[in-house]
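When the chains are written out, they are named A, B, C, D, E and F in that same order, and each has its own residue count from 1.
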Amino acid sequence: MRLPIATPAEIDIALVGVPFDGGTTNRTGARHGPREIRNQSSLTRRVHHVGLTSPFDLVRVADCGDAPVNPVDKEESLASIAGFFEAIRDGGAIPLTAGGDHLITLPVLRGLHRGAPRSLIHFDAHTDTYDEIFGTKYNHGTPFRRAVEEGLLDPKRMVQIGLRGAISDAANYDFARAAGIRMIFIEELMARGVAEVMAEAREIAGTGETYVSFDIDVIDPAFAPGTGTPEIGGITTFQAQALVRELAGVDIVGADLVEVSPPLDPSGLTALTGATMMFELLCVMAEAAERRRS
Amino acid sequence: MRLPIATPAEIDIALVGVPFDGGTTNRTGARHGPREIRNQSSLTRRVHHVGLTSPFDLVRVADCGDAPVNPVDKEESLASIAGFFEAIRDGGAIPLTAGGDHLITLPVLRGLHRGAPRSLIHFDAHTDTYDEIFGTKYNHGTPFRRAVEEGLLDPKRMVQIGLRGAISDAANYDFARAAGIRMIFIEELMARGVAEVMAEAREIAGTGETYVSFDIDVIDPAFAPGTGTPEIGGITTFQAQALVRELAGVDIVGADLVEVSPPLDPSGLTALTGATMMFELLCVMAEAAERRRS
Amino acid sequence: MRLPIATPAEIDIALVGVPFDGGTTNRTGARHGPREIRNQSSLTRRVHHVGLTSPFDLVRVADCGDAPVNPVDKEESLASIAGFFEAIRDGGAIPLTAGGDHLITLPVLRGLHRGAPRSLIHFDAHTDTYDEIFGTKYNHGTPFRRAVEEGLLDPKRMVQIGLRGAISDAANYDFARAAGIRMIFIEELMARGVAEVMAEAREIAGTGETYVSFDIDVIDPAFAPGTGTPEIGGITTFQAQALVRELAGVDIVGADLVEVSPPLDPSGLTALTGATMMFELLCVMAEAAERRRS
Amino acid sequence: MRLPIATPAEIDIALVGVPFDGGTTNRTGARHGPREIRNQSSLTRRVHHVGLTSPFDLVRVADCGDAPVNPVDKEESLASIAGFFEAIRDGGAIPLTAGGDHLITLPVLRGLHRGAPRSLIHFDAHTDTYDEIFGTKYNHGTPFRRAVEEGLLDPKRMVQIGLRGAISDAANYDFARAAGIRMIFIEELMARGVAEVMAEAREIAGTGETYVSFDIDVIDPAFAPGTGTPEIGGITTFQAQALVRELAGVDIVGADLVEVSPPLDPSGLTALTGATMMFELLCVMAEAAERRRS
Amino acid sequence: MRLPIATPAEIDIALVGVPFDGGTTNRTGARHGPREIRNQSSLTRRVHHVGLTSPFDLVRVADCGDAPVNPVDKEESLASIAGFFEAIRDGGAIPLTAGGDHLITLPVLRGLHRGAPRSLIHFDAHTDTYDEIFGTKYNHGTPFRRAVEEGLLDPKRMVQIGLRGAISDAANYDFARAAGIRMIFIEELMARGVAEVMAEAREIAGTGETYVSFDIDVIDPAFAPGTGTPEIGGITTFQAQALVRELAGVDIVGADLVEVSPPLDPSGLTALTGATMMFELLCVMAEAAERRRS
Amino acid sequence: MRLPIATPAEIDIALVGVPFDGGTTNRTGARHGPREIRNQSSLTRRVHHVGLTSPFDLVRVADCGDAPVNPVDKEESLASIAGFFEAIRDGGAIPLTAGGDHLITLPVLRGLHRGAPRSLIHFDAHTDTYDEIFGTKYNHGTPFRRAVEEGLLDPKRMVQIGLRGAISDAANYDFARAAGIRMIFIEELMARGVAEVMAEAREIAGTGETYVSFDIDVIDPAFAPGTGTPEIGGITTFQAQALVRELAGVDIVGADLVEVSPPLDPSGLTALTGATMMFELLCVMAEAAERRRS
């Protein structure tokens, strides 16, 4: 978004890239997401057309560059990403992150962790609460289970929106059900509508510190084809924008947008969608940051 | 779908490919549909996320390979396809077929024919009830007229859903109207909604044996671009899934999904959509097959 | 659409191409729009599937070729385009134009001008009422401001439908608001629906002579990706068709469809959408032309 | 090439399209070749940069449109194509044809036939002298065998240049060897060079009437990817141009360029290559036609 | 190339982008060239594999950003580009420029001009010495004629290498021949080889100050498809690299690489080729700059 | 290649896929190489057109499926790949492997190891003898250094052909030079020609057991664009085929073809090239296997 480069201590919201997809079990490419999202963000502008305010007028926003990662060493990357976000947290900034695959949310949450587990509002076609895939516990299908186990998130204050797609085993949802995670499938979202579902989501998240994770594959692949695990029957971008705008009032302490995979996105539409959704997230985060500051 | 290979006598539902597009008058490529749908089906999984049951647990399903076709001889192909499906019928299995262009539905119906004409629930942007195109009676715009004339289908129990697009002559619909085929245009579908339209469709099909034909071009080309005769203004994949799920309770004796054209589908989205829709069809067919068995 | 070539004096509706994109500030390519729209129109047919009438039966329609342009001389092109449309006006025909970028609407309006300012019904993601971009007053973001200033359009009878997307400055809308242009943003369109919004649009346009300008980017980029300034969160093609059909009864004296950019449209879907939307426009224009004649 | 439309009797060289690919056993699409080659020919110009003469100054050249074909009826198409070329022959023009798949060369030769068999200079990766494929004798792998059997070509005066690629059976070459057809494989062409090989080709063709058939797949797929049966290890376009220029002096009575398949050619490079090679063919044909006239 | 940003006075060689294609008569897109070449240059590295030296060790190199341009105002852009390069010249640096279309070479030469006309070594498929196209004297087909007329280049010390492609009129070469510009067509280049042709080129350029202009379309479109006016039958990238390395010893005072058009380059291969060729140019320029300094 | 599936003990040559790219530092996707190469191999045939013999007639060849890998665990994958190839070695078969990135050659060599170090003939744009990248010793830039250190290869009998491209540090070649690895850069290959270079390569490899590793990026990206680290200025596929045929007489005990990356290969040309090159390798391996057996 043609932003200045700055350090966390000088700003309220830090835009960060995490170019890592070493947690992807099938079609990779999300490591190139931050670069393309930055490229496409050259098409975005300052002022939201609905509220007619600009996040850049509300708070201090800057691009803090990419978190350090090692594309061929997953353990090292998990550690270095966490360290990077710890520094952001300690600097007093709130991160808005462009992934990378969904595994990156785990080290982000670790880095941002401070005492109590957070609430989570999670937009995704998939639950990402598997225990293991291919016998490994750390991949892009497991981050939210690990985060619950590690006390980073409070499952009772977690809501997942837009879920769909065939699964390998009917038991896949058992963990979430037992833990109290609220799963809102696409059928329920379409039937009840954005406003009603998001009212419930805000209630679940409560007034506490909340993390927002937006997997681009919650959006239908007609609108966002460039992602590793597309599921047909998703939401439109119009609905996606409405969902994010309904986050107004939530105490957001961090957000990410993940799984944009440029090699699978020859037209650039997915990166443009990612950049625009990040602008929407930025707008609600700026309001939250402003509230915190005052 | 990574299925075992089997013969019709050992199974309840036979997945079949018919790699033939010799009935296509304009943009070909549907002959490569079965291969790409099989490729993309590697992304699909076993259990439907709504019903939480797996068709593979209800009945015996296997891939019976491709029907024999001759890409440069239409007459021979019509005969060899019909023979292949006759063997499936005689083996006691119900076929779920990946085309191929829409002409293949004619030899499939011939092969499956047994005494009385069937009901038809037909999802398509086009009626495919032309009499002739380019002076030939057998092409992908005519199969349902031929099927009515040959007594394979009962026009009074036929319903076509999702029709749209400019036509060459206002008289194009005369045959269907005279024969009693119910045509539900896209405008009516959008106005009344999936549930109401499908309730009518089930009533038209009645309790008798019903064939289901799903032309991928009923879906809007934004969601399924890889097809030979795209028409804008179509349904979403979410609506497509809802339509197929409303087939629950219908006595399905065969189904096909046709007109996926991989050369026109560089992203693979259409083949993925085709594979997912076949999984949806498989789920309702498995329930029908289970009812029949019991 | 495989039409005969003719001169304006012999016909009622003139199809025209304006292969000029010298007003484009970012991603060009709309200069190739007319050719690709013509190519794709080979897939369209004569009779509308809803009304079951053909515009070619109501009035005389012909392709009048491309307006003369100089790709490397903007001033000259503005003059030569205006001259071309003056001849159409003087010949007594009504033009349906394929752009080109949106700047071309200005010389079209100049050429068609005859005494009083016209009404405008304008479908677009953008207002195109900037004063200057890059310090120049004539580019694809300014035509409607210039047209108001030049007395070609009456701002009180102008309505813009489908607006959305972040803007550079909250003051961007000041001119339109002060002048009395009615702006209907996408949120209002989605909330109120096509029928209600278009009833208001028809009321604003009134019974006077009305020009219709359709920027392809009002449609969501999932449905029409091949355009220079895509904005996510747009309308579907089904909605676009419904919007245009609601122009029935308006006294249309000219229409255009602009910003189809073939280099950004490898699949051809946008050109197909453009060609189909032009057919929809042609149908309502033919009815208007017939009314005028009688 | 932006040519006038004319009838054969008024001209010396007739440009013709044959949009038929019903002889293709695997990847179709060549039916769209003529349209795209025409599109791309808008980039070509009048004067050859080496000889600095224009074929349009030497002889009368015009576009005679497309031969009539029925995309779903091979027998009918073979007959109607032959009839079309018979009319060209009787009108006194020499055809330069854009295919279509290679089967079309057979009806072209039938239509042009007049008494004695012709010589053939044939550029191709494949011999196309199979007896049968899939049990059918008329497809794009058999035209030259049929043409020899029917007395249209004299095998002793036939030369095939650029052959390569694995074959299904070592006996595939037996017919050509027995009949006396000279096969020049790519290895020999690369070792001896264009000039030497073409000197031999001219000697084989002799002074009699000669047909030239250019299959785009003789060119390496890096240069011409859009074709149904690509074979790596081919010639460059620079070599292709040199080969055709070495036809100077041959008494050409017809030529074709076949197997350009636009659906497999998203960049348009193959159609551009086809259009440019047709211009090269036109230049040597124009000289031949001029010699004949004088 | 991940370079520091600097001002001309601090450095020896200035990398510059000129994102302007307002001189393009047909297919635009070169305005996006600098961005994509910068993107692809992230794949390049520091040390040339033949000489094993790095230009960054020889001289001071930095990225000076983009010259200011107005995409919708050609006159203004010609002036602002010239001004930008004047500042580079006055700062004492030598520019290596990424275009943009070929018209930009004219204002670059104007900006760099200092007293006497320069020599030119020009790699291109086209002469770009037209007088007018579409009646305008300033477009991407005319820069070298204008530069000669304005005394920026000495035609007797100009050589053009790699020319090819049909032309509109045999008189197109008259100006160059009369002025004494040496034209080396592709046929001569291929026959004589790179070393011999470049020896002649160095002799023509002489020991005086020489500008080097490299149009990407001198390379065959199989290797560099993303350009507005592709001509088949060009050189390989291996030959292109050899040509540039043979510039060793020439007193280069500026160079450009133009006509990379990203919208026509979906694979990014052309931008990669452009970035690599700029590295080759940089290596010979660094040696020249080092010689000057010492 | 439509081969039977078999176990190593029953066959002479085992075709194997290794779908792993966890050693890729930049653009991934080679994990999908085996599937696409198998897909494209459906276009290949049985008999080589030069020798007119078929490898399938000389020895027993079968597809042994894919080696087990874990896409998100590099250590585990290195071990499981090595184990898989150990079984092939113990079964008495010679493997021809489709990668995967180049790191997979290391576990393949480990699995095949038996006592003494092997010779290596290595076709590649890169040396892949780095010590570390990103601080890790096991990635696709280091396998041959590790293999020398582990005693799997004898550096004095190693030759690398086709090297090119800028490097990060002039010291990159020090290890190879010190160890005695013969590096043949592209410039030397082009100057001396395939026959002479391969004569030297055969001499270096000697009469001992030799492994052949073919990185698809040795071929120019115009011919094989779908690879992670393309370098312009490479060899043609014609040259690549000639290089491999010159392996005749070498005692090959294993070969691989790596770095085909389908997500970067939308046209499928690279996978087709990979499949064809594997057929060429298979032909020379079959001769070697036959010699061994007799």
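By definition in this document, contacts are C-beta pairs under 8 Å (C-beta built on N, C-alpha and C of every residue); 3 or more make two chains touch, one makes a residue touch a chain.
Computed from a prediction, not measured in an experiment: that's the story for all the values here.
Undergrad: Look at both sides of the subunit E and subunit F contact and report whether the same residue positions are involved, with over half shared, or different ones.
TA: different
Undergrad: If you match contact pairs by residue number, which of A-C, C-E or A-F shares over half of them with D-E?
TA: Comparing residue numbers across A-C, C-E or A-F, the repeat of D-E turns out to be A-C.
Undergrad: Just curious, how far off is subunit D from subunit A if you go by their C-alpha centres, in Å?
TA: Distance between chain centres: 57 Å.
Undergrad: With chain centres defined as C-alpha means, what is the inter-centre distance between subunit B and subunit C in Å?
TA: Using C-alpha averages as centres, the distance is 39 Å.
Undergrad: Just the number, please: Cα centre separation of subunit C and subunit D in whole Å.
TA: The mean C-alpha positions of subunit C and subunit D differ by 44 Å.
Undergrad: Two or more other chains in contact with one residue: find those residues in subunit B.
TA: 26, 220, 222, 264, 266, in rising order.
Undergrad: For subunit D, which residues count as touching subunit B in their complex?
TA: So the residues of subunit D touching subunit B come out as 21-29, 31-32, 70-74, 76, 133-136, 138-139, 263-264, 266.
Undergrad: Please give the residue numbers of subunit C that touch subunit B in the complex, ascending.
TA: 43-50, 52-54, 220, 222-223, 236-238, 240-241, 266-267, 269, 272-273, 276, 279
Undergrad: Please output the residues of subunit F touching subunit E within their complex, sorted ascending.
TA: Subunit F reaches subunit E through residues 26, 163-170, 172, 185-187, 190, 220-222, 225, 229-234, 264, 266.
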